[in-house]
Every structure is written in C-alpha cells, then in structure tokens.
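Okay, got some structures for you below.
Okay, so subunit A shows up in both of these, paired with subunit B first and subunit C after.
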Partner chain A sequence: MNEERELAINPIVLTSMQHNTQVVSNIRSLTASLFGVAAGTLGMESYTGFVFYLIGTLIVSGLIFSFRAEGKASEYFHRPLGDLWGGDVVSGLSSFVLTWTLFYGLVRA
Partner chain B sequence: MAFLGATLNTVGLIFLTHAVYSTHEHTATFPHAPLPLDITIELLVSILVLSAGIVLTSPSLKPIEWARWSGKLQREGRHGEGKWTREGEEILSEGDPYAFLGLDGGIGGKGEGRMGFWDVRGKRKEYAEWARSGGKN
Partner chain C sequence: MAQPIVQTIHRDPALFWWILLPITVVMVLTGILRHYAMILLQTAPKKQTLPQIRQQRSLVRGINLRTNARVLPPASFQARKAFMVSAYQEGKFLADPEARGKPRPNPMSDPAAMEGMMGMMKGNMAMMVPQTLIMGWINAFFSGFVIMKLPFPLTPQFKSMLQSGVGTRDLDVRWVSSLSWYFLTLFGLQPVYNFILGSNNSATQSTQQMAANPGAGMMGPEQDPDKLFLSEAENLEVLEYRWVLEGVEDRLVAKFA
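Now for the complex of A and B:
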C-alpha cells in the first residue's frame, strides 16, 4: 500500500526502466563470456571458477554503478540491489560456463 | 567517452589475445608447469580493461522517475544521437510525449496553447476590433 502511494506520487517511466534493464543485461552477457575466457585460460576448476565469476560480476556492477549510474543507483533502477547488483547474474552464468569449458578445452587439454 | 571506451576495448582485446596465445604455447611446451605470474597478470588486467571498455561504450542509462525524466527531456530537447537510418534520416532522441497538447505555449506564453484553454472572450474582442477597423491588417 505504501509503495503504491509512493508510485502514485512519483510515477515511473516504463520505457526508461526497460532501456536500463536492457543495457545491464547486454553488459552482463558480454562480460560473462569474457570472464569465461579468463577462467578457462587460467585453468580454474569447480568452485574456484564460480567464485571468479561472482567476483567479476561484482566488479562489473561497480563499474556500471560508478560510470553509468554516476553513483545514484536509485535514480536509474527501481530496486538497485536486484536490478543493478544482482541483475542478470544467473542468466549470464550459462554463457560463462560455455566459454569457460571451451577455453579450458582449447588451451589446457 | 565513446572514444575512450573504444580505445580500452581495442587495447584489452589485443592483450587478451596475447595472453591466451601465450598460455596456449606455455601449456603446449610445459604441460605440467604452473602458469607464469606475468601471463596471469596480463590476462586479469586485459579482462578488467575490456570490461571497463564495454561499460563505457554502452548507451547511457535513463532516469526512471517521471519528474526527472521529463525534466531532462525539457532541458535537452530532441537532439540527434549520432545515428542515421539507411535513408539518411537522423534518428532523434525521445521527445516529450505530451508536446502535442501545447501546454507550454498556453500558460503564460504568447501562443494559443491547448485548445480547451483558449481565452475565448479575448479572441472575440480581438475579432470585433479587427472587423470594426474594416478588416484591414
């Protein structure tokens, strides 16, 4: 109820929200495969690789936060924690694993 | 900013390719030796540079609050974003969706503004004076 009233007073532009989500998901899918290349080349195995991916996404989130959102995440994301810091982390995981295994096989095996 | 991003991307890609190639050569010659530290550092630095470049070349975010968003539109107006269609028309940024109402001209402005908010009596008086003067001017 409280949030509903807040949204009635300060309405949200849907097209901007979609645009921001699109930008974040584009960055995520590009950088996820990049981290996969690095993890595979470094020869990471099992949990180390996933931890590496999580650290990488955290760094990329920090880059988006400081360069694209200019430190004001709540101005560009409705829920900064879910949309910016945790946005599309899981969907990037599959492309991470793909390039991880590919480069592990190419370089190491 | 876009130029900086493109430079970072290019530099990062070159270093990444070099690091991956070096790793491949190293593991081909010494299959069981650990990777030298300089290749690891080069690889990590290159992906950092590349992800910074990707973030910098991505389109800028738009404010989601209606007030900030429309304020930004009014301050900046419609302007080209450096993109053209295949026919050669410039693609403009999004404009004020309520511009067709003409609210800006009507309130305190010189234009007629929104049709429903006409000053009807004023217009009628203006017309009467024009007719009395013989329809000139």
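Now for the complex of A and C:
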C-alpha cells in the first residue's frame, strides 16, 4: 500500500521505461554478437567462452551504468538490479552462441 | 592417463561458401519476408457501427476513470463515478439494449469471431510454413555434411539431432551438420532482425497482434457486453479512492524543510 501511494505521487512513465529497456536491449544484443566474434576468434572453448560472455556483459553493464545512466541507475530504471545489471543477459546469450560458433568454425576448426 | 585424442576433420573451404553462407542468408531473408508478409496479412479492422463503437469506448472510459481516479478531486470523481455506475447498470451504452439478458449466440456461427480466429491462424501459418519449408530444404540439399565444430561440448543425447544424416558412430558430438546451424540461426537472429527491421518487428514472434486495438480485446464478440459493464460498475464501486493532492502541503513543506 505504501509503495502504491509512492507510485501515485511519483508516477512512472511507461513510454520512458520502455525506451530505456529498448536502449539496454539494443546495446546488449550488439555487444553480445561482438563478444561472440571475439570469443570465436580467440578460440575459446566450453566454460571459458561462457565465462568470457558473463565478464563481458558485466563490463557492459558497468559502462551503461556510468555513461548512459550517469551513475544514477534508480532514476532511469524502476528496478536497477533486474533492468540494468541483469536485463537481457539470457536473450543475448543465443546471439553470442551464434557468432561464437560461426567464428570458431571459421577461424579454428 | 593420456589426453583424449582430439578428433580433427579437414573440411573443404567450399563447405562454408555453399552451405553455411546460403543457410544464413536464407534465414535472414526469410525473417524479413515474414515481417512484410505479416504486415500484408493484417486485416484492416472492420468498420463498426456507431452504437458498437460507443459500447466499446464507454467501457474503456470506465477503465480510464478507474486508473486515473487519483488525479481527480473527490467531488469530480464522485460525480463521474455515480454517472458511470448508473449508466452501466441501466445498460445505457449497450449497442443493442433488447438483447440484454439473452444468451449469447454460439461464437462459431458469428462471422466476426471467425475473422479473429482466421487472423490468428494466419499468424501461425506465417510462422510454421517457412520453418517446415526451410527444414525440408536443408534436409534435402545439405544432409550428410559435417560443416562445423561447436566450441562447447554437448552430451551424446544430442547426437541424433545435431548429426542427422552423418552415419558415423564415434564422431564427437561437437562436430555438427547443417541442420544444427539452422537451429542456431533460428534462435540467434533476433538481434539481427531488430537492427534491420527496427524493434517490434514480426520476424520471429507475433506478439504485437494483441496491441492492435485497445478495447477490442477486452470486448471480444464472445463476451457479453452487459456482463462486462456490470463488472466494471462493480470495480468502480469498490475502488479505493485516494486523491493524489491529499496532504500535499505537508509533503511540500517536508521537501523544502
């Protein structure tokens, strides 16, 4: 009830929220593909590749946090933890695997 | 223990040009084609008569009143609520007041309902047909080639799926045939479509069908508008109303304190 009252006083604009999520999702899918290219070219295999992806997304999250959100994540995201730090990590994984496999196949195997 | 021997296969570079690249290009183009096919297949919403539009919109009006109630001062909200509730209960907005209380006709016999189902069918068909066609095409032309090595190991259960058409028992599961590249592109191309076609494209999932017409979804032909009105009246009655400006002086003072 208290949170509802808080939301009524400081409402969240749905359009802006969608726009922010869209920006994060675009950055994520682009960087995931590029990480895939890097991992494939470096010839990473199995766990190394996935760990590389996780570290990469963490760095990208940090960059979004400091440059796009200017260090004030709670002003841009309703739930900063889920929307900024963890947003679209899983959906980026499929495109990461795609480019990883492609470049691994082209360069190494 | 010695290291397990790593299987290596020397593959013709032509495999890349004649299998990997064509499949990728075809998958991207199919996604684009599907996007435009969905746009073409979308039927324009049917023209409705004035009372029907009024019936739909007045329900939406009640919902809007309910969601935005907090910005109205108490007197205005009470007046609007009283008006909407009494109008709903009397059935003032009904498109066809005589049909009140009668059982609804069978939705299968209603042409409007059939049209909605046809739209959904079309969306599903636009997904299914290209997928089956491309899988058939890949199976017919490219089966039996080992084209690439996955960078991560898999359990042997995947062998029958990923190495379909390759009849070697002892080959490592990481060597996969063309069909698995098809699956990888099927799941991984969404960002590519996002960049080519813009977001909320219909290349893979058809989720935006829902957002086509607000109110139309809530008032499908199979639902009784009178029942919807009565339940909306009830929702308005039980709404816990709080004005957003209530206690604003204290908040303002607290902000500048």
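Note that in this section the second predicted complex is superposed on the first by the 109 of 109 C-alpha atoms of A that agree within 3 Å, B and C clash if a C-alpha of one lies under 4 Å from a C-alpha of the other, contacts with A are read in each partner's own complex, and residues count from 1 in each chain.
FYI, a residue touches a chain if its C-beta (ideal position, glycine included) is under 8 Å from a C-beta of that chain, and two chains touch if they have at least 3 such contacts.
All values reported here derive from a predicted model rather than from experimental measurement.
When both complexes are superposed on subunit A, subunit B and subunit C fit side by side without a clash. An angle of 80 degrees, to the nearest 10, separates subunit B from subunit C at the C-alpha centre of subunit A in the overlay.
In the superposition on chain A, A:106 makes contact with both subunit B and subunit C. When the shared chain is aligned, subunit C comes close enough to touch A:46, but subunit B does not. In the superposition on chain A, A:20 contacts subunit B only, with no contact to subunit C. When the two complexes are overlaid on their common chain A, residue A:30 makes contact with subunit B and with subunit C alike. Superposition on the common chain A brings subunit B within a closest Cα-Cα distance of 11 Å of subunit C.
Residue overlap on subunit A between the subunit B contacts of one complex and the subunit C contacts of the other covers 26, 30, 43, 106, 108.
Contacts from subunit B toward subunit A in the complex involve residues 16, 19-20, 23-24, 27, 35, 40, 43-44, 47-48, 50-52, 54-56, 58-69, 94. Those residues of subunit A that touch subunit C in the complex are listed here as 5, 8-9, 22, 25-26, 29-30, 32-33, 39-40, 43-46, 49-50, 91-92, 94-95, 97-102, 104-106, 108-109. Against subunit A, the residues of subunit C that register as touching in their complex are 8, 16, 20, 70, 147-153, 181, 184-185, 187-192, 194-195, 199, 242, 244, 251. Subunit A contributes residues 10-13, 15-17, 19-20, 23, 26-27, 30-31, 34-35, 37-38, 41-43, 56, 59-60, 63-64, 67-69, 75-78, 103, 106-108 to its touches with subunit B in the complex.
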